[in-house]
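Should a chain be cited, it is by its letter among A, B, C, D and E, assigned in written order, with residues numbered from 1 in that chain.
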């Protein structure tokens, strides 16, 4: 049975996991979803690791919310390196969805970005799990964006 | 028996470990607490490693104090990457509490931030140790903050 | 049989993989090419890893497109560290072609840079695979550039 | 027998190792000291590694001198990550003493900083080796500084 | 028989390897030199890895040339972390010679820097290979510089 891990945080200002779970359940109805909630982005890699190595998840989606300060961005670098090393060690996809608190001018816009980004990346995960390395090839080079409208190819 | 590691530093201007230990003892009275004091933040990862691999701790809380210079921030990046790699290698949570000397306008405010951040993160650790991956799910996406009042959901 | 991996993204605004594949097919006609498409640059290392360790590729070319924001550059650092660690772990070349959305003044120029960079780096990969460590020695110190005209030796 | 490693560089403008060795010999008279000199900070991690894994050192003190340019600071990040990973892999303390060429207004002040920092950190190492994880607990949260006067607790 | 690896790039604007090889051949006449040319700095770590693990080199000198853009500096960080991790994994010295395209006001000066830096670091490598950890101790703290005149001790 396919198992999908979902990591979310209490730092986030939106319940990103529920959005991701809805997309996964609709598109991978036979999969079992395992959710893991941690305080903030620096706790995400160990949660993703445990979902893969202890819960046996085939893939994981992580839902991070990054503060506006420069030190938050440094934490983002550390988390990103960790998630990439985890993927190299395990061979499992960990789709990393990150919303930056300072990337929008209003709370409304920030919410819109977050919802769109989670939905599209959850769908990316579903496709990679269902069809593997060729699943996204039809969209290659198409300038897809998550959080914003697709910018399209040059 | 549950064993909780606590790493603190002589660089810190507050005895952060005593605050963390008080929260842990009150909420995990059966746990054994093992404290490890190091000079500064770059020494924290090896202490956390030894608490996990040599002392057998189930989880660790680290209490760092970061200077105001840019090179201190670079040290923070290195420490963060190290702690994340350690968690990936061991599967144990290392809750990283960090106070930045330049994040407050007064010493009084800095103390208030430090105390609040340690207490809340010690409680996060307690919950993760007691109830595992679902312990914090009820707070997911609630905009919790450590060191500051919760900002709340969007 | 030689197997070459090609990793591309849906974030890219150009179908970089087709350009790379054309060069590889023309110059390594007996090789089998395995393509792996992922959403964005942070997903590239695990794809390259799977092409090497699971598909048995002898070498990989990765085709990334990096956004203009500072956080995109931080993602670039994380991806680069990951690809380098992967190469250290496996001993296989992963030629990393990266186009930065902000490195050109016009879309036309950006396209020209991308095409040139992919072609030249695909040729680098072909040479390394065919002739090994001495393949590029005749060009050593010649100020070769990918994406721009060669600047030449001092 | 306790063995202590000392890594220093030819880049440094002060013979930092002699200062460290003096402190170690006075406070750990039975220890054997093994010195390893390298060109610059990027060579320090492999020297520390060899002192631990090949010479059998119980702990190491590294004595780096960092230039004033931004790229020197980037080298500092890389060295710091390396030393932290080495400690995670081996469980041995590597106390990292670093002097930044641009942290003082005069050569006299820079010398004073370097001497003070080396002495205090050598003493930190001695204490950790002699008494282990509790050795520094009496100083925890006391705002100790190396290179400058202690700032003291809040 | 001693084997020394030399890694150079086609990106460099000077044939740095020939300068290094000349120094090594003159000072280590019995050594076998193995040269590996790659496109740019991000390809250097895997070449150094292969020279150590597959060619059996006892030590490696890498000769990188870094562009002037900020993203080139980020690539430099990634390369540096990779080379340091490689040294930690293997225990072999990888002397990293890097010239930054923006560190000189004229091409003439840049050439002078590059030649001086390669020569001095090749000599550092020779000394470390011939005499080991004490080879450079007579120069410790002497403010040696590569690419510039020695600044001398404080």
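For this structure, a couple of remarks:
By our rule, contacts are C-beta pairs under 8 Å (C-beta built on N, C-alpha and C of every residue); 3 or more make two chains touch, one makes a residue touch a chain.
Every value quoted in this text rests on a predicted model; they were computed, and no experiment measured them.
Common neighbours of chain C and chain E under the contact rule above are absent. Counting only chains that touch, the fewest steps needed to get from chain A to chain E is 2.
Any chain that touches chain D and also touches chain E would be listed here, but there is none. Averaged Cα coordinates give chain C a centre that lies 40 Å from the centre of chain D. One inter-chain figure worth recording: chain B and chain D are separated by 25 Å, centre to centre, where each centre is the mean of the chain's CA atoms.
Shared interface positions of chain A, defined as residues touching 2 or more other chains, are 77, 81, 85. The chains touch one another to form a ring, and the order obtained by going from chain A toward chain B and onward is A, B, D, E, C. Those residues of chain D that touch chain E in the complex are listed here as 8-18, 34-39, 42-43, 45-47, 49-51, 53-54, 69-71, 74-75, 77-79, 81-82, 85-86, 89, 107, 110-111, 114. Those residues of chain B that touch chain A in the shared complex are 66, 73, 76-77, 80-81, 83-85, 87-88, 91-96, 98, 100, 103, 121, 124, 128, 133-137, 139-146, 151-154.
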